[in-house]
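The next block holds one structure in the form of structure tokens; read it before the comments.
Here the chain labels run A, B and C in written order, and each chain numbers its own residues starting at 1.
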């Protein structure tokens, strides 16, 4: 299975062109869009989102990851093996958290290049062919390099920021709920938010946080739009009540 | 074929996670998104939309239906066999109209549960595995129950409300056009709307209603946005001129 | 491979219904969405977009093209063989530029009709079955006609207008960058725009034009929204500095 994690958006020709390359170069391999609307140009927020959502996929999955504001510049393309999966994308930190959580220590700088490489669409021209080769069991030409030498190696294990807002206005943070205890409150948008199990456990209109279905601490309002109510946007800081780290 | 009917939206990870489960648990079965933007949290409007749009699918299709404001509460998961198809979803009325139109009298309360069931994402954790099993020809553990005992059993055969507005501003009602005669006018947004065959049969800018390509009475404006022009939103009532029921 | 080029939008049931027909009538053939948000009702802008984006697909691809404001009127359905690919759609100019660039001279007026043809959804009822037949290697009943007799035969080779705006605010024109030399400036929204290689070659906030990954002249702003900054919408004229044609 090839899993797409991009900020291309669903609109326009971008995803379709990537899919067309994958269908031709890895025929018969299912392709699934995980996120097409990862935080645009924000490799850091995206890195925590990717790590949380990739964890449930089986070994053998190849993640094609493109949040790449530096396309056309000198940043290298990399591939990281992690817990039996492959992650392919730019060396800008996007893959760093997923790799670290898998306790990997090594990545590959991809030296393979396609015959024709546009300046602006490496997702189609470079990363998709690399992902297709990995899905076929081939390893594109590259050079081993330690994770510690890559962008993102100094980022925190959890990110106390908003990393995604879904269409219901639910606010995902870069914090794993498992690192917070049951009594921990989050503070966001000037409001103290207690933990609940799920939506139906609080009254309509109440704001709370809970462990979402992928293990992230998520701020929500039962039958309401948390992002609008609390005035939150991607990148905004979240306070952990009583957390000495902040 | 597995057909998705949800209010998840196209954005975010939700559809992709469901598709990933289906690819793994029912490999090779095509998966089609029918609606990803069914009326959010509105099982009643969704029920009439589903019944109208599912009718054209062949026997053997499995409909995975998730419009489920009560996720995490006590409402049961059900599966309904109807006209050779299966419908899987929550017992909140969503499947009631499709089942009734197929003259079915019996449903299954699903007692099967996955090893790991999140509190907030039964679409991925419970309904998708059930749909995959049905698509493979297996029947998950459950108990027969009469349709008459399920939510929605007392809903009307047709719904005189707006059930969907498409991106062109066309306004779908929950009324089957076949239940209305050629001279019947609809009244919505303070305007009397006569019936036409299709867009090109009225002048640009004219509002009318017609039988859409799936049999629903739909309000439209040739080269215009009916919803904006008439001030209509999902859930708004539609009057049938001269209808004694209203 | 069947490639979808439509203005249906991603929302709603339209794409899914077309995909369901294709899965049933051409089982196993991959289906890729190239554009689901082609310029709505605008066959001319769409024709230049289609020609630019279809060029990279391999021989054998079948393009199912529906931008069809005249659905239900007398305009004919056509199929055009071009450079080993098939294009299927309405005779309203949509296919004209792709056909001309392939140096084709002949098209087919499709006379085949399905048993059931709705007045408003020929994409599902007529064009999709025709595309499925072509993908299976069959040729639906039709009559040869010269391209010169079809809509769009008198349209220019390149279109000095905005043909698409992507979700990042990048502004695609209907001009092939290869027809413009390196010193050519474009004028749009009252601003003179010089050519650059790509985003990372200009300062953040700077507007420029460049050859996009599919050969079109595209107006962009590094880390900004060109369409908003320059006040541009689909259909707006673009001036080519010093161009005697204008």
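In the analysis below, a residue touches a chain if its C-beta (ideal position, glycine included) is under 8 Å from a C-beta of that chain, and two chains touch if they have at least 3 such contacts.
What you see is a predicted model, and the numbers here were worked out from it, not measured in a lab.
**Student:** Chain B and chain C share one sequence, so how far apart are they rotationally when you fit their Cα atoms? Give it in degrees, rounded to a multiple of 5.
**Tutor:** 120
**Student:** Validating interface symmetry: for the copies chain A and chain C, is the fraction of residue numbers used by both over half? Same or different.
**Tutor:** Copies use mostly different positions to touch.
**Student:** If you average the CA atoms of chain A and of chain C, how far apart do the two points sit, in angstrom?
**Tutor:** Whole-Å distance between the two chain centres: 32.
**Student:** On chain B, where are the residues touching two or more other chains?
**Tutor:** 10 - these are the residues of chain B that touch more than one other chain.
**Student:** In the complex, go through chain B and note every residue touching chain A.
**Tutor:** Residue positions touching the partner: 9-17, 19-20, 23-24, 27, 40-41, 69-73, 118-121, 124-125.
**Student:** Using the touch definition up top, name the residues of chain C that touch chain A in the complex.
**Tutor:** 1, 3-4, 10, 30, 32-37, 53, 56-58, 164, 166-168, 197-201, 210, 212-214, 223
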